[in-house]
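In the two complexes below, subunit A is the common chain; its partner is subunit B in one and subunit C in the other.
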Partner chain A sequence: MTRTLAPLSARDHGRTLYAGEPLVFHCNFYNYWLQKTMLLDPTLHMEHVIEAAAAEAVYAMLQRGAASLPAGGGEAGRRALAEHTFAELGFGTLDLSRVGPGGGTVHTPVSHYGQCFRQVVEEDFAAPQTLFDAGYARAAAAFVHRRPAGSFRARIDACASMGAAAGRIELSLGEPEMVFGGYAHAAHLAAVPPPPFADTSVDEAGIHTALAGLDFSGNEEGLLPRFGVMLTRHFASFYNRSSFEFLARMGETGLEEAAEMLLVDTGYRCAFHTFGGIMTSPEWDAVIRPQCRTRADWAHGMVAVVNTLGWGTWRIREIDDDHIVVHLHDDYESCGWRDLYGLADRPVSHLAAAGVAGMMNLIYCADVHDKPTLDLDFYRRAFESDGLFEAEQRTSMAMGHEVTEIVASR
Partner chain B sequence: MAAYAVEVDQGCQRGLHLRYRLAHELPGRAVEAARSAFDGALYAEEPLGPRQLQRLVLPFRFELRAGHADGELSFLLRFSSPEAQRGEDRAAVERLLSLLADPELS
Partner chain C sequence: MKTLNDLFPGRMGRVELTRIAVRLRMPQLLRTNADEALADDVVAALQSALDEVRKG
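Moving on to the complex of A and B:
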């Protein structure tokens, strides 16, 4: 079946836009840990933020995407765009057929935040995890029925993360708990072009060409199993809005640094599962491993892959057994902060910082080249032992610097 | 000697992704044979550097992948497939692998 989709376009510095919305790849393990972290303290009411952040990004994306539909698409075309985008980006399958201008029921037979989260923990959750789906459904219904953002409120009546066979979300007209407004975003900040890739046996351009041959669209269930993990091609603005709001809410009680540490820890999960999954995958063996002679080459190879994830462009400026210096051009966290809040007074690239340190831990401390099983024992060895790499954000594009510089050392 | 060895991939869909280790030429032949054996299966090839990936999808039931590694066949079951159907499909694929590995039958 051919999907009704908006244009996908490549931009400088590794950014990819879908209907003008910056996309980034992340896996179900990272998505699970990030959400778990944000929901740790129930008094923060982050469930409203997560749902609203999803609705904000999705409504903006769909409104812009409608411009690519013939004659605006009509109601059927708008519905197809909303449903097919959900599947294409790896979120699952969404059925809006029982939603009218006054509300109705949204069905999600398969959901990344439902079934795939349950796969991570291998047991039923006590509360619904499909907050992103609820926000998506709210925004999609408003878009399809030409109502303003925030017209619908959502109630999750069934969730696969809790063991239900499928998800069900009830939409009704009315003010939701939370709506973000005035949304605009910048996918590109850098005035300084990235220097050429490092002088190494790793061929970044060749790796990008090879990976470009793979199909990264959601399958018929709307899921995206690749590199040994379940990927989503997600909205950078969703991660930024929810993560930064988490920092702000924690900061109100004097816990901003603790919140930053929690986000770094979440980033370690990303490094472990996504980077670890990639570096132990058949795709890595086929394309990248043959180019690697040293551990530093493994880092260059991983950076070449990171530069296809939509996270911005990374360049390794220095590397040895005990330290690495990485420059990030247009990292999505910095771009997002500048877009949402203007100049920052401290670095904000916590996921990227954890990614740099995590990559070094996997390569230099935990011998990922030996193809370990990515289990809890290996996680403890790679991320909870003595003498591991720790990252420091020396400069930040969010603060107005030309690049974000991350140094990791042990 | 067994026609194949199988392990459950713990990293992806947990119990839904199985990796079969086979004789070198068998994964590609298995995909071809399954393409004939299952009505409604969709087939695609993807280039990956020096390799050519083969993907066979039986919508909402399972996917077979070959070509990503020497002697490996990936079998990915779908969430939508009921437990009984998953068991039947796995058994059918393993029967097919055994047949292919038997020089007198293949």
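Moving on to the complex of A and C:
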């Protein structure tokens, strides 16, 4: 089936834009743990933030994407763009056919935040998890029917995460409970170009060529199963807006550092499942493993792959058995902070920091080259083992430094 | 009598304790001596919160 989509363009420093919106790959485990963390304190009302962050990014993306439709696409073209983009990026399937200018019902027969979250916990959730879908549906309906952003409210009436066979979201006219005043798309580009890839047997350009041959579009169900996880090609601004708002609200409770620590833990889950899945995949065996002579080469190989995820460009500056220094050029967390708030007073790249430490733990502590089963028991054993790497953010582009430097050591 | 170390052993326990501190808005939990005996009602509250955060 041919989908109606907006242009996808590669930018400097490993960034990828879809209708001008920076995209980043993340898996269902990261998305689950991040949302679980943000929803821990119910008095923060982060469910409204998550929904609004989705609506904000999606409305901006669709508005820009409409420029690629012939004659603006008409209502049918706009609807196709919204529905097909949802599937293409791995969010599932979205049916807007029963929504009019005054509202209606959105059906999501398949949802990453529904069925794929249910797969992570293997039990029904007590509350709907498809907050992103609700925000997407709100923005899509406003876009299709040429209404301003924030025209619709959403109510999740059925959610696969709670055991429903399919998702159902009711839209009605009216101001939603939260609309952000501004918009940031985290596409800032650093002035300092990344240096060449490390002098190693690992061929970054060759790895990128091989990965470019893989299909990273959602399948007929709108899902993106790869490397043993369910991927999404998600909106960087969604992650930034929601996680930074979480930190801001936690700051008022005296628990901001605890919240940052939990965001790092969320990143460990990401590294364990996504990096672990990549390093135990047939694609790794075919392309990257033959280039690796040492454990350090495994890190270089993993960094070469990271540089295709839209997270910015990573460069390993030093590595041995006990430490690694990585420079990040245009990491999406720092870029997002700069766009949203200007200069930060502390580093903000919690996902990236966890990614660096998590990668080293998989390679140097958990012997990922032996292809362990990446389940919770293994995670627990690995996380409790001696000699784990821990990351420190030494410099930060969010604070105005030229690069974000992350040091992981043990 | 139980301590925080009994209820939240190891690194993963420390992360779960942090989750509970956030959920209950109790920053003082993270400053409590982990070897100190806890009152029974505190233990019950923490175990209840632990059950909640371990659910999906």
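By our rule, the second predicted complex is superposed on the first by the 407 of 410 C-alpha atoms of A that agree within 3 Å, B and C clash if a C-alpha of one lies under 4 Å from a C-alpha of the other, contacts with A are read in each partner's own complex, and residues count from 1 in each chain.
Keep this in mind: contacts are C-beta pairs under 8 Å (C-beta built on N, C-alpha and C of every residue); 3 or more make two chains touch, one makes a residue touch a chain.
Remember, predicted model here, so these are calculated numbers, not experimental data.
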{"item": "Clash or fit (per the criteria above) of subunit B with subunit C on subunit A", "value": "fit"}
{"item": "Partner chain(s) touched by A:285 [first = subunit B, second = subunit C, both, neither]", "value": "first"}
{"item": "Touched partner set for A:10, first subunit B, second subunit C, both or neither", "value": "neither"}
{"item": "Subunit B versus subunit C as contact partner of A:343, first or second or both or neither", "value": "neither"}
{"item": "Partner chain(s) touched by A:173 [first = subunit B, second = subunit C, both, neither]", "value": "neither"}
{"item": "Partner chain(s) touched by A:261 [first = subunit B, second = subunit C, both, neither]", "value": "second"}
{"item": "Closest approach of subunit C to subunit B (Cα atoms, Å)", "value": "16"}
{"item": "Set intersection of subunit A contacts, subunit C complex versus subunit B complex", "value": "none"}
{"item": "Complex contacts: residues of subunit C adjacent to subunit A", "value": "10-12, 15, 18-19, 21-23, 25, 27, 30, 53, 55-56"}
{"item": "Subunit A residues touching subunit C - in the complex, by the definition given at the top", "value": "36-37, 40-41, 43, 117, 120-121, 123-126, 161, 250, 253-255, 258-259, 261-262, 265, 380, 383-384, 388"}
{"item": "Subunit A-touching residues of subunit B, taken from the complex the two chains share", "value": "9-14, 16-17, 44, 46-51, 53, 57, 59-60, 63, 68-69, 72, 76, 78-80"}
{"item": "Subunit A residues touching subunit B - in the complex, by the definition given at the top", "value": "109-110, 115-116, 119, 122, 206, 210-211, 213-215, 219-221, 223, 225, 228-230, 273, 277, 280, 282-283, 285-287, 373-375"}
